[in-house]
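Read the structure below first, then the notes.
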Amino acid sequence: MAVEEGLKIELGKQGVLVTTIEELYNWGRRSSIWPMQFGLACCAIEMIATTMARYDLARFGAEVFRPSPRQADLMIISGTVTKKMAPQVVRLYNQMAEPKYVIAMGACAISGGPFKQGYNVLKGIDRYIPVDVHIPGCPPRPEALLQAFMTLQKKIDAQPLTGEGRPRHLDAEAQGEFPVPVQGEHDLEPTSNPGVWTVPVVIR
Amino acid sequence: MLGEGILKGLAETARNFAGSFVSAERLTTVQYPEERIAPIEATRDFPFLLYDGSDWEAGMRCVACQICEKECPPQCIYIEKSKDKKPDALGKPQFYPARFDIDISVCMSCQICVEVCPFEAIKMDTEFELSTTDRFGGLLYDRKELAKSNEHYHKIHPTEAAEVDARLAEEKAKADAKAKAAAAAAAAKAAAPVQAAVQVQPAKPVQPAGDLTAERETKA
Amino acid sequence: MIEKLDQIFVLLQQWIVGFLPAALQPVAGVVLGVVAIVCVFPGLFALTTVLERKGLGRIQNRIGPNRVGPFGFFQPIADGIKSLTKEDVVPTSADAVVHFLAPVVLVVAVFLGFAVLPMGRNMVLVKMDASLLFYFAIGASTELSIFMAGWSSRNKYSLLGAMRAVAQMISYEVPLLLASVVVVMMTGSLSLTDIVAAQNQYSSGFPHWYVFTPWGFAGFVLFAVAGTAETNRSPFDLPEGESELVAGYFTEYSGFKFALFFLGEYLAMFSISALGATLFLGGWSAPFSFLQWIPSWIWFFGKVMLSIFGFIWVRGTLPRLRQDQLMNFAWKFVLPLSLLNLVVAGLWRFLGVGWERWVVCSAILLAAYVVMGRLGMHREHFGPRRYRYAE
Amino acid sequence: MVSSPYFSLLVLFVAALGFGLAPLGLAWLWGKAFSPAKPNKIKNAIYECGLESRGDAWVQFRSAYYLYAIIFLIFDVEAVFLLPFAVAFTGLGAAACGAMLVFVLMLVEGLAWAWGKGVLTWA
Amino acid sequence: MKTVEEIKAAIEAAVPDARVEIVANPSVSGQHSLRLTPSRAIEVATFLRDGLKFDYLSNVTGVDWPDKEIAEKVKVTREVTKVEDGVEQTAQETVEETRKRVEPGCLEAVYHLYSMSLKQGPLVLRMRTLNRTDQAELPSLTPVWRSAEFQEREIWDLYGIVFSGHPDLRRLLMWDGFKDHPMRRDYVEPDDFEYEPTAHDDVLKRAEAHRAAHATAGAAGHEATGGEQ
Amino acid sequence: MTDAKLEFDAAVGAKQEGWNRPPVMEPSGEGGVLELAMGPHHPSTHGVFRMDVALDGERVIRLKPVFGYLHRNHEKLAEGMSYLGSMPFTDRLDYICSLTNNWAYALAVEKLTGQEVPERAEYLRVILGELTRVVNHASSIGFLIQEMGASGTPLMYAFREREKILDLFEALTGARMMCNYMRFGGCRVDASAAWLEATRKVVAGLPGFVDEFEQLLRSNEILMARCQGVGILRPDLAVNAGVTGPLLRASGVNYDIRKVDGYGIYNRFKFRVPLGDHGDVYDRFMIRMLELRESIKILEQALKEIPVGPVMDAKAKIRGFRPKAGEAYGRIEAPKGELGFYLISDGGPNPYRYRVRPPSLINLTILEDMCLGQNVADVVLIFGSVDIVLGEVDR
């Protein structure tokens, strides 16, 4: 019995240790999200406005916009992703070091938005890469981006370090490469990455 | 002299640096989640459906005429017309939307649906804190999520809502007058212009918000 | 009591060392000194990153980081944890060994520079006669690490950034050295401790800092310019010039290696500030004789932080130069002026103690500055313009 | 040996090396324990604005780059010669200083020559 | 500013075989245009630039006029052989019948010219290709006005007009391997529009077609994930 | 400055054969040629734009712009929807100046249909248009200095003012950036007296802001050294290449559509057109700075004179709008240059052909000419001084 007690306490201590590390790890990550300097379209201007004096993204410690994907933690897809640009976006996402996050800012990034019927517009970047937070709006207000930031922080906070529910970057088995689509004769090939995106069924 | 312009520039930034500690003009940050920029009345974000009274389903003003669906530039509205009719606010039996979906992941907040709606049924909300991690569940609003009360409308766009209410009251009065004087159609016709001449008074804004609140007065 | 406060770190060191057997005492003393350096300056680095971000924010009418910990001061800790746990990406085509070594070399090189800097009365790790020479010798190896980083990444931006960095740093090495030679001439010693001691004298309450002489002031300004360029700070931050070179020589670095570059850059900034303060601003000496009761190390770190503030201020104001202009500025403006400054310093000594030497030396330097500035602006074809209007 | 200044430097060198390597080691350990590295072909390719990199970065550079290095060497070495003079300056007479002035003028001449030859023109 | 008629006269005086045609614009804007013969376009353009000082080419664009099917009623007279009373007779008979003919479409390039030195404009020029497929060639006016460079590239990209004499005729907006000319009115959009929550009839039809095509192809991962009632 | 002043003589015209192509530059052979792709993800290309650059040392010997990374098929979409439906899409063309885009489109449709615009609406359009110009010029200067590496300070100041102006836009039109405000035959809603008062207050503060900007930048030696003599554009080439806006005027060509066409009610206002003599980056920067002051003058006049009255043509239709068959080209002086809309109507509810004449795209025609022989770092500056928005370049 005594041995078991001791073991329990020991395990509990380890648990505490893991919890502490987990908390520290998540706290560090969420307090220091450096976005990649990456603007696509209209929303990029609002993204810039978010970093400017009135809204000041710097308060969250996130004004360090890194131009190189190697040093960035967050990709804010701010604007329309066209089929001409999509391979580059996917490649850049691949080139970011783990852990990495994606915010799809604005209607175009989520679903193609108002331009979704266009022949050169990708109908949502989540066809190729996993998106963590979606912000609707065209363009979303800077406050909406700040709020999305906090949503992302909450998401990071909830990520366990070990076990089943751990995020992708902590899981050695999980997919690490997101294939870059090829620009074909009429369209991107493939039109989506089945590992990331499954088509919901519209039943009418 | 070389360096003069650099010194001037340094003086300018020093002024801003020092000013940021004393003047609000030089420290313009509004610390978002705690502080908020004074709401501007005309702000529009995403559409919502107005209902009168307390029951959203019964009071919905939308009659499923599908004009907004057709006019919506990015085609983000989907409406299914009901099979039956229900009485509307004026007591007239009307169709109602059996389904009214807005995909806000597509909506471009252009307000054209509001402009073309002849029934004052769809208006623009000011809610913007909508970011979500749920792509498919979180961004498709059905009619229940879209329905918001007239009180809400008054809260966010007081001036505009008062105008709309006045206009609707006028129409209702007109309709009542028509019903009452069904026998004397000519008399009813004569009464209408008199009523139309009634000036609509703009309501006072509920929350004064800086210089920019009073907005959209009565159209001249 | 005040004496004790001034020497508190020295006493602390002696006190701790006192617990150890006599044989170990010298070693322990050294180790303690090293530990102090290795702890204090990275700590200062952490503090400076927050202060810089906040200061830039204030210049730009905003607040800056204020949500992580009290007033945002835990920000660097969070950044550190994040960098530590970030994946380390090394491009396949890169030279992995050199790629790995570059940041380490940088950190080691800048740390070694601190060994000879007197940080307070009796507070210097290595008492060396030729400490200034040692400093410059060590300082030159940072160039090596930057070139290693840029070259090994095999990235076009990195390589261009590294080429620029090396060209820039060697070009400003010469004026930096020449600007310091003036001080050596006047002190007659290459030891930084002696240089500070020479300045730690007061006449009618005012100190004998070299910056308060014409040649010293000129030397200080030239030193500041060259020092800014040596540390790749704005407006000379071309090697990492984001606008055309993405992130310059550390484009391909991620995780803590990147953080080490950051650390190295800031440490170099501290060390060059400390050297400048030692050479021209009297090191750890107080600015007025009646303020001598304040501990010397406070003055030293105060001066360093003041110059850091200057760096931040300049960064918040100025755009950066172009590479050829930067090189021209070094070779065609700063270098001739620093050579002239040598001559002026010689004159200063031979003109005697009267007021004449003040007038003559100031006039020569000012005239040279104005004329060379004019000529430079003329040669580079720039100057103020007027505009016409059409109705 | 302990009293030698180079011992202190050695200790500082070791400490600095440790300071550089320790976090890198820690990061490596963290990667081993929790966050596995996920290398792949795309990630480990060279970054070039989101495109696939074409051509090698290691091209031959222009000789002008190296000329600067040579000039630097000349000036740095000559500046080092100035240092002993500077140390002795306070005790020197006018004649010695005049001789040194000539030396400085030779430096200036070298600079003027390089300038005139256009060596100091970048790119 | 000179009227279109005057300009036409001036062109014809300067370039004798120019054969310029005035295309009237029925709208209130009154911006009538001149249709140039492609073979003489460069000469006319140079004359407009140097002679009439239209030094600034503002806007260049393409217009697609697809093949039009015209149904018209035609009275046709033909000989009918009838057997009447056992005798074969040939008689003339007039019948009205509906005939369909396809009026071949064309691609058109429209140029808007202004004069910066005289502060005049606009002058609209148009050129037409012979058809939309194999003879879609027009002379490039880039050698005359540099501003046409990108705009003509764009027209080649989106409409498929080949501008002969263009110094750098590559795709401008779409990627290099792209095969179609998407601004043409008969362009078939790629099948990538399979999901839309507020799908309207035609979109829904396309989505179903897409699903059917991919289901037969055996694409996995297209299972229903709900989200819809 | 002693170098030859560039003279513009439009009467001379261009006669040399093939003169209007960028010259072909040969590498010096002293080292390898480095081929560098700048963009589409590059910190200084204002979005998704790519320049394929060949470098000889740091000197640019070839530069090819690559477009289309933001090609959103605006024209194709517009051909499939009603005239009104395209109005919000025009906001997203040049997404810094949505209101001038609205205006240009409304103007083109009004040309097509002959609708009248009430006087008050014209004034409102001028006020909003000039506020937009202030926003655009201030932020474009800010972006330019940002590219020069000024860690964002001028941009922050520009955006500080921009926020004030965007508040005005929001109070009037309901949105910060995508205003969707103008309609064929007027404006959507009327401005209240309070709004006009707030606008007067903001406009009264603008000269102080421009002073601050000039103090910070105008005589800065680094800025002068970087910008002067860099990226020179000859006026004859500028005209031939269809360059418009501040870029053209910096080359010394007096061509401002507000003066030339006098569209709207611009001929009622007193303002001057600043002209540059050198056509380099510094002139472009200064022309924008000086135009800021002229815009403020126009704003002051318009705010003083604005009459009361309706803001929409009473006959204007919102639904069921079908112009008669025909075509029209309408243009305005947008902050970036001549923004034109070319519409062909076949009498239906949708335009048959809808074409945007984007100033940003056409101003880029001479990018290579300006960059050849310059330093890589200058490419970024020259590109920034052209002031483009990708939404408009690629549409």
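Residue numbering begins at 1 within each chain, and the chains themselves are lettered A, B, C, D, E and F in the order written.
To be clear about the criterion, a residue touches a chain if its C-beta (ideal position, glycine included) is under 8 Å from a C-beta of that chain, and two chains touch if they have at least 3 such contacts.
As the structure is a prediction and not an experimental result, all values here were calculated from the model.
Path length between chain C and chain F in the chain contact graph, taken as the least number of steps between touching chains: 1.
Chains that count as touching both chain B and chain D, per the definition above, are A, C, F.
Chains touching both chain B and chain E: A, F.
Here F is the chain whose Cα centre lies closest to the centre of all protein Cα atoms. Distances between chain centres, each the mean of the C-alpha atoms, put D farthest from chain B.
Chain pairs C-D and A-C differ in how many C-beta pairs are in contact, and the one with more is C-D. Put simply, the C-alpha centre of chain B and that of chain C have 58 angstrom between them. Here the spacing of chain A and chain D, counted between their Cα centres, is 40 Å. In this assembly, the C-alpha centroid of chain C lies 66 Å from the C-alpha centroid of chain E. Remark: chain E and chain F have CA centroids separated by 29 Å (rounded to whole angstrom). Residues of chain B found to touch two or more other chains are 2-3, 6, 9, 12-13, 16, 28-29, 31, 73, 75, 103, 106, 108-109, 136. Within chain F, residues 34, 38, 40-43, 58, 68, 71, 73, 76, 88-89, 153, 156-157, 160, 163, 178, 216, 218-224, 375, 394 each touch two or more of the remaining chains.
Counting partner chains per residue, chain C shows two or more touched chains at residues 59-63, 83-89, 156-157, 242, 246, 251-252, 255, 316-318, 323-324, 377. The full set of touching chain pairs reads A-B, A-C, A-D, A-E, A-F, B-C, B-E, B-F, C-D, C-F, D-F, E-F. Considering their complex, residues 81-82, 84-89, 153, 157, 160, 163, 167-168, 170-175, 178, 180, 188-190, 192-195, 197-198, 201, 212, 215-224, 308-310, 318-319 of chain F touch chain B.
Interface residues of chain A facing chain E in the complex, by the touch rule stated above, are 83-84, 111, 116-117, 119-120, 123, 183-188, 191, 194-195, 198-204. The touching residues of chain F, counted against chain C in their complex, run 1-3, 34, 36, 38, 42-44, 58, 145-153, 156-157, 160, 216, 218-226, 228-229, 254, 256, 259, 272-278, 282-283, 286-287, 290, 375-380. Against chain D, in their complex, chain F makes its touches with residues 28, 30-35, 37-42, 50, 56-59, 375.
The residues of chain E lying in touch with chain B in their complex are 196-200, 203, 225, 227.
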